[in-house]
Structure formats: C-alpha cells, structure tokens
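Consider the two complexes below, in which chain A is the common component and chain B and chain C are the respective partners.
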Partner chain A sequence: MRGLADIYAQQFKVTIASFLQYRAALVIWLIGHVLEPLIYLVVWTTVSRSTEGSVGGFTAGDFAAYFIVLMVVNHMTYTWIMYEYEYRVRQGTLSPDLLRPVHPIHSDIADNITSKLITLPGMLAIAVILGFIFRPAFHPVPWALAAFVPVVLLAFLVRFFVEWTLALAAFWTTRVSALNQMYFMAMLFFSGQIAPLELLPHPVRVIAFVLPFRWTVGFPTELLLGRLTPVQVLTGIGMQAAWLMAGLVLMRLVWRAGLKVYTAVGA
Partner chain B sequence: MRVLRLLFVFWRIGILGELSYRSNFFFHLFESVLELGTALAGLAVVFSYTSTLAGWRADEIVALVGIYFLVSGAIRLVIQPSMESLIEAVHEGTLDFTLTKPEDAQLLVSIQRVEIWSITDIALGAGVLAVALVRLGASVGILEAASFAAALVAGGVIVYSFWLMLATLAFWFVRVENMLQIFSSMYEAGRWPVSFYPRWLRFMLTFLIPVAFATTVPAQALAGRLTWQTLAGAFLLAAALLVMSRVFWRIGVRRYSSASS
Partner chain C sequence: MGTSPAVHLRDLHKTYIVSEREGGVRAALASLIRRRKQEVKAVDGISFDLSPGEIVGFLGPNGAGKTTTLKMLSGLLHPTAGELSVLGYIPWKRDRDFLRQITLVMGQRNQLVWDIPPIDSFELNRAVYRVPAADYRRTLDELTEILELAPLLKKPVRNLSLGERMKCEVAAALLHRPQVVFLDEPTIGLDVTMQRRIRGFIAEYNRRHGATVLLTSHYMADVVALCRRVIVIHHGRLLFDGDLADLVGRFTAHKTIVVTLGDCGADLSSYGEVVSCTDGDVTLRVPKAETARVTGRLLADFPVLDLTVEDPPIEEVIDRVFREELS
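Presenting the complex of A and B:
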C-alpha cells in the first residue's frame, strides 16, 4: 500500500511538470469542455423561449443550471485514455510500462486525478462566469449535496474502468477512431449531454438506465440539482456499483487477452 | 485555368497516395455518417418540442447542418492539411522547395496537400442540403439560390483567408498548431444559427473566428432572410481578409530564413 502511495505521489509530480510545459494544450482542452455544454445550453434556452417559457417542466433557468453543472461533472469524470492507447500500442511506448512492477492503470489514474486538480479551479471559475451570464435556477438540497461526493467519485471510477477497457481495443486494431466515435455518440445521447434525459423519448431513457453512460454524467448532475428522490439515488448508486464491478472484471479479462496479442509494433 | 490545372495535379497525387489504403474510405464514410446521424438526431429531439426555433424552421436548420458539413468537409479536404504542411515546412526549413518553384508560392502552399477521403463529408453535406431544399420546396427561388451561392463563396474566402493568416503566424511563433486546433473546435458552434448565442459569443463567432459567414449567412440566404446589407458586408469582409492575408503572407515570407540550413 505504501509503495502504491509513493507511485501516485511521483506520478503527481510528473504530470504537474508536463502540464507546465504544455499550457496551450490545457486551454484547448478547456475550450472543448466548455463549448459543447454551452452550445446545448444556448439551444435549449432558445427552445424554451420559443415555447413560452417551459419545455417538459424545464425553464430557461433550469436548463442553465443543468448544463453548467453537467459541464463541471463531465469535466470531473472525463478521461482521454481512448485517444492515447492507440498511440501507445502503435508506437510501442507501452513496452517500458509493462516492465514496471505495477499495473499501468495506476499511473493513468494518478495522471488523470492530477490533471483534474490543476484544471478544476479554471473550470469552476468558468462555471461561475456562465452562472452570471445565464442566471441558472439552482436550489441545492443539503442531503443531495452530501450524496454528490460519493456519487461523483463512483461516476469517475465507472467511467475510468469502462473507457480504459474500451481503449484496450487498440491491441487488436489500430483503427480505434471509428470505435471511439461510436462510443462518444452513444455518450452524447444516453448520458444526458445533448438534453436532460427526462426530455428524451421513453425507449432512450430505458436504454440509458441499463448502459453505463447515464451513471457517469447525467446521474450526478441530476442529483446535485435536487431533481432525484432518495429512492432514485439509491437505485442509481446500485447501478454505479454494478457497473464498477462489471468494469473491473472486464478490464482484467481484456487486459490479459490484449497483452497476449501485443507485439509492440513500433519497437 | 492554371490554378485549376495545379489543383487537379495535387488532387491526383492525393488520390494516388490514398489508393493504397482503400479501406480508409469506408472508415471515413462510417465516421461521417455517424457524425451526421448524431447531428440530425439532436435536431429531431429539439424539434419534438417546438416547430420553430427563434424563427428558424426545422428544414432550414437541416439545410444549415448540410452547409456546415459541406464547409467543414472542404476545410478538412484541402485547407487544414495544406496549412498544417505549411507550418511544418516553416519549422523544418523545407519551404525552400516551394519558394523556388516558378509558381505563386501562396497558391502552392494553399493546395499542397489533399486529404481525399474528406470528400465523404462534402458528399453527405450536399446530400442533406439537397433533401432540405426539396422539403423547403417552393420557398427557395432563383434569387435565394443566387444569394446562397454568393454567400457561400464569400464565406469560403473568409475561412480560407483566416486559416492562411493563422498558419502564416508560423513565421514568427513556434506553436501555431494549437491555434488551428482552437479554431477547429470553436467551429463546432457553427452547427446552429449564430443568432441563438448571447451577444458576446455571437460577436466572437462572427469576427474573431468567422464561422457565422461560412454557415449561418448562406443558410439565411436559403431561408430568404438575408438582407442585401449582410451579403454586401460578407463580400467586403471577404475582400478585405483576402488582401490582408496576402499582405501578411508576403511579410511572413520575407521573414523566412530557411531555419534548417
């Protein structure tokens, strides 16, 4: 355990150093994370204005609150591993990682958390500015605020294991971009990024309940906004736990199978 | 004529280079279809709650999506790859080979690389646009079609000049790719009419990152809502940017010292 803590601490330092080196990349990354929710926020606000104030129970203020919180939650649980693995496998940079005595997922987790710690203040500042511009109707409920902490942590872990497992597809094909795009399209609809899930057709909501997407982004968002009953929250946490277990098991299986076919093409 | 012949030559090189990787075509097509499907499904969700959006009918926004794909396809086909090659050539000092050719260097660098499979975006965009036009039917007359074509040309010139100016910055700065990337990601916002956005963002999307002229304005022309003042403004801006980018390019080339040698 102590060894693992040391590894994480070391990775923190490495990530911070590399971030100081690539500041512009940080800005690009932030713009991408702000722009998409901002576009849908603007679109749905326009819809609510065209329909005399309310869309399926959402006012312009509700939309503003929803998309601003969604932006922050998505940022907290986001991973970029699916873009990175193809490069690692194709260029063979994975090989030295395999020689280390710890599972490579640890350095990825530490790297991700460090990046979030660096970027989160910027993200929160943007959220506050957007709050002044769009006047969100934000009425937090104390118990929901408390429940948000474990829920968003679970959401992060679920998303991390699911996306890390999918990223391993790079072991079998170097053309993962088509697969990634399919994943992100599903994410857009089933996680609630394009619209609050309540506004989507019934079949979409049923599928969203089963798939992991909603539990990584939409669920923590709805919780923080106080749109969920305690029973719904417990059900959601149950689904998160189920997906976390599934993700862990799948990750181990796929990792083992993937290593067998890995030939370090670039090395 | 010379321009067309040159474009054709680079086009051929692009095709020949890619013909060895034919399956790429299907992957590209698949990704384009997915992207388009996402955009249209999003529209379907929005328009299940309202019939017009700030004065725009559903089919008009579908036309806008078609235009967006058309223009972004054109950017990805030749503008973006060529500008990226230009930046690389400035860094590596290989721009010498282009400058010594007996043809206008700006023209050569602007068409030097063609990513042929982006043609799928253009084809799909044109298809969507055609479907939207059929559904809009009688409301699109000769006048609308003509002003649409004019607006699209002006928008294309604005986008090209803007990219060229950004890439020309490579003569002074090292990490220009980042700026190109910021532009590409902001371009996403052009999928919707810029009139939806708050004023500060609309201003940015019109003048700082001129997305509005390439997508919203041509779509407005089709919907018959384009005033002649806007169209004239688009042409003025296009002409100004074209001259400015030319001047800027000249200054940049004069600064170029073939860093590698």
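Presenting the complex of A and C:
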C-alpha cells in the first residue's frame, strides 16, 4: 500500500510537470468542457421562457442550475482514455508500461486525478461566473451535499473502469473511433447531458436506469440539486456499486484476453 | 549453484496472423467482405540457454525474429508454442518479481517522459520498482558517473540530443539493477564516440553486477567488443550458436593478406586473387589452407616492407552467413 502511494505521489509530480508545459492546451480543453453544457443551457432556458416559464416543471433557473452543476460533475468524472488507447496499442507505446511491475491503470488514475485537481479551480470559477449570468435556482440541502462526495467519487470510478475497459477494444481493432462515437452518443443521451432525464419519456428513463451512463453524470447532478429522495439516492448508490463491480470484473477479463493478442508493434 | 540457466528457450515459436490485400480500390472493397489471412512465422523453433553473467550477441538481418524473441523474453508477447523461462519465471505471466529483475532497452523506443527532466522519470521508476532510497542514490551516482549524466539530469528530455537521450534511457532502464538485460539496438543512430561509451558502460555493468545480457545490434563493433558468444538467427530459425571466433572460422574459407611493396608494379596474381593495390599496399585473397605457404613465398620472392594476415571483416562474414542461408 505504501509502495502504491509512493507511485501515485511520483505520478502526480510527473503529470503536474508535464501539464504546466502545455498551459494553452489546458485552457482550450477547459473551454471545450464549458461550451457543450453552455449550449444546452442556453437552448433549454430559452425554450422554458417561451413556454410560459417552465418545461415539465423545470424553470429557466432550474435549467441553469442543472447545466452548471452538470458541467462541474462531468468535468470531475470525465476520462480521455478511449482516445488514447488506440494510439498506445497501434504505436506500441503500451510496451514500456507493460515492462513495469505495476498495473498500467494506476498511472492512468493518478494522471486523471492530478489533471482534475489542477483544472478544478478554473472550472469552479467558471461555474460561479455562469451563476451570476444565468441566475440558477440552486438550493442545496445539507444531507445531499454530504452524500454528493461519495457519490461523485463512485461516479468517477464507474466511468473510469467502464471507459478503460471499452478502450481495450484497441487490442482487437485498430479503428476504435467508430466505437467511441457510438459510446459518446449514448453517453450524451442517457447520462442526462442533453436534457434532464426527468423530461424524457418513461421507456428512455428505464433504459437509463439500467445502463451505467446516468450513474456517472446525471445522478450526482440530480443529487446535488436536491431533486432526489433518500431512497432514490440509496438505489443510485446501489447501481453505482453494481456497475463498479461489473466494471472491475470485465476489466480484468478483457485486459488478460487483450494482452494475449497484443502484438507490441513497433516496440 | 550457478548451473541453472538465466534464460532458457526450447523450440520457441511465434506466429502472427496478418490480413493482407493487393493495392487498389477493388482489392480494398473485396477485403471488406472476405479478408485474406496469412500466417507469418516470426520465430520458428528457436532453442538456446544463457548462463548467468553471460553477454551474448543476438544477430540476424532485419525481420529475422530478433525483436519478437526479445519481446517474448521480456513478457510483452505470448509465445505461440514452446518452452520459455527467464530466471525461472514464465515471462508472459508478468509476475511482479520477474519484471523487477529484468529490463528491455529499445533503441527506437523511449520510456522517459518527454516534457520533464530525466531525473523526474528516474524518481518515478524508483517508486515503480520500489528501489530503497539508499540503493537508488548509490545506483544513480554510479550511473551519473559512468555515463556522465550530471549536466543532463535537469533538462527536459525533449531538449536533449539523441545520444544524450539514449544515455538517459539506458540509465532509466538500469536503475533497479536488473539481473537480466535485453538490449535491442541500444546504439542505433548514435555517433561512434557515443556508441563506444554505451558499449563500455554495458561491459562495466555486466562486470559489476554479474548481469546476463542479450544484445542485438547492427553494429558489429558492438558485438566484437562485448560478446564472446553469438547466436545468429534468420527467418525465425537458429543458424549458429557459439564463439564469435568459430563463426568467423566456419564461414570464411579465405584470409586476406596485405603486403606492402612500396609500389604497384609487381604482378601478384599467381599468388592469390588481387583485390586491390593502393599506395603500394597489395591486398590478396587466398584460401585459408594456403595462407602459410603464400606468405612464405611472398617474403622469399619480394622485398617486403610489411605484411599482415587478416580475417575478413566481421560484417563480411555475417553477410556471407545470411546469404548462404538464402541460397
């Protein structure tokens, strides 16, 4: 355990040092993470203003609060691993990682968390600025605030393991982008990123309940906004735990099978 | 004690399945429906053992299967068939204790993080390999001294020259003091001075730590300087395993005699095949068995200023080994 903590500490340092070399890229990345929810926010507040002040019970202020919180939550649980793995496998840059006596997932986790810690202050500042502009109806409940911490952590882990496992498809096909595209479309829709799931038809909500997407973005967002009952929260945590277990088991299986077919091209 | 080999291969095979198609649009469309698969036998039944502490040269032309073999030995690839063990471990299982005791240096591949100074990558390796702080400092000092790393440690890797980067790569790969070292073209692209320095360092590392070293290189100077024993493979099969001197003896039927006469006036074609004559130095190629007799005759018949008998250059020998296999 101490050994692993040491590895994480060193990886933090490496990521910070590399990150600071690319400040411009960092800003562009952050802008990307702000723009998407901002577009939905503008669309939905406009719609609600033009339809007697609310859509399915969501006022303009509710939409503002929803998309601002969602923006922060999405940033916290986001991973870029699916874009990266194809390159790693095709170029053989995975090989040096495989020679090390530690599972490569650890450096990815450390790298992700470090990047988030560096960029989070910027993200929160943007959220505050957007708050002044869009006047969100944000009334946090103390117990929901407390529950948000473990829930968002679970959301991050679920998303990380699911996406890390899907990224391993790169072992079998060198054209992962099509798969990624499908995944991101489903993510956009079923996670609540396009619209709050409450506003979608019942069958869609049932599908969203079963799939992992909602539990990585929409669920923590709804929780923080105080839109969930304690029972709903406990059910959600149960679903998160189930997906985390499934993700871990799948990851181990797929990883082992993937290494068997890995050809270590070029390196 | 000391009898069990550090590296053991028995009838090792690796077959890649590759899909292939002709060039052109029609073939591209056809490949959408039915993809033609072909088996490529990269390694086709290789066996050898390495004793602890040996430095062995692993030779073969491009595509011979050297790198594939090294990848199997270091656990990156699963063998298709055959026996394989390194320090008693099965490499592809990637046991942590196994990975902690080996290293693979690839001349064209880097493990140093591009944007930060090497010392930060070294620190990461220290943590990953769990090297105790005191050992780490001692090894780092030693590597810094032999490889003259001091001025490089704090510059970002991307600002280093190829040679400087390679020195740091080698250092990073050896910080955990591996017992078995696989080197794949460690001197590729480096100038002669740098090649010599890396070479000297490998010899020194082997001497100090008794590590087993398996080395591939296209520079014969590396092999001649470091390896008494060489293993030659071609088309995934073993061609030769033994002393470098025996390889030369076995695959060369000729010797080269260079005789200095002062001018190129004399006709020496009755003594052997005249290869060249420059500045009065005549180079003759004679059958190995004839060497002593021809030398005697030359000394008796001409006012010889100087005379040397040489084996052909090792490059030529290796080239002949590959070509004989091809024909």
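The rule is simple: the second predicted complex is superposed on the first by the 267 of 267 C-alpha atoms of A that agree within 3 Å, B and C clash if a C-alpha of one lies under 4 Å from a C-alpha of the other, contacts with A are read in each partner's own complex, and residues count from 1 in each chain.
By our rule, a contact is a pair of C-beta atoms (placed from the backbone, for glycine too) under 8 Å apart; a residue touches a chain by one contact, two chains touch by 3 or more.
These figures come from a predicted structure and were not determined experimentally.
Visitor: Classify the contacts of A:Ile194 with the two partner chains as first (chain B alone), second (chain C alone), both, or neither.
Guide: Only chain B is touched by A:Ile194; chain C is not.
Visitor: Tell me the contact category for A:Ala25 with respect to chain B and chain C: first, second, both or neither.
Guide: Once the two structures are laid over each other on A, A:Ala25 reaches chain B alone.
Visitor: Considering only the touch criterion stated at the top, classify A:Ala125 as touching first (chain B), second (chain C), both, or neither.
Guide: neither
Visitor: Just chain B (first), just chain C (second), both, or neither: which does A:Thr51 touch?
Guide: Once the two structures are laid over each other on A, A:Thr51 reaches chain B alone.
Visitor: So in the superposed three-chain picture, is A:Leu234 touching just chain B, just chain C, both, or none of them (first/second/both/neither)?
Guide: neither
Visitor: State whether A:Gln11 touches chain B only (first), chain C only (second), both chains, or neither.
Guide: second
Visitor: Do chain B and chain C land on any of the same chain A residues, and which?
Guide: The answer is that chain A has no such residue.
Visitor: Can you list the residues on chain C that touch chain A in the complex?
Guide: On the chain C side, the touching residues are 16, 71, 74-78, 92, 94, 96-97, 99-100, 102-104, 106, 108-111, 113-116, 120-121, 123-124, 126-130, 156.
Visitor: Once bound in the complex, which stretches of chain A touch chain C?
Guide: Of all residues in chain A, those touching chain C are 3, 6-7, 9-11, 13-14, 17-18, 21-22, 92-93, 95-96, 98-102, 259-260, 262-264, 266-267.
Visitor: Taking the touch rule as given, give the residues of chain B at its contact with chain A in the complex, in rising order.
Guide: 27, 30-31, 34-35, 37-38, 41-42, 45-46, 48-50, 52-54, 175, 178, 181-182, 185-186, 188-189, 191-192, 196-198, 201
Visitor: Under the definition above, what is the set of chain A residues touching chain B in their complex?
Guide: 24-25, 27-28, 31-32, 35-36, 38-39, 42-44, 46-47, 49-51, 55-56, 133, 175, 177-178, 181-182, 185, 188-189, 194-195, 199-201
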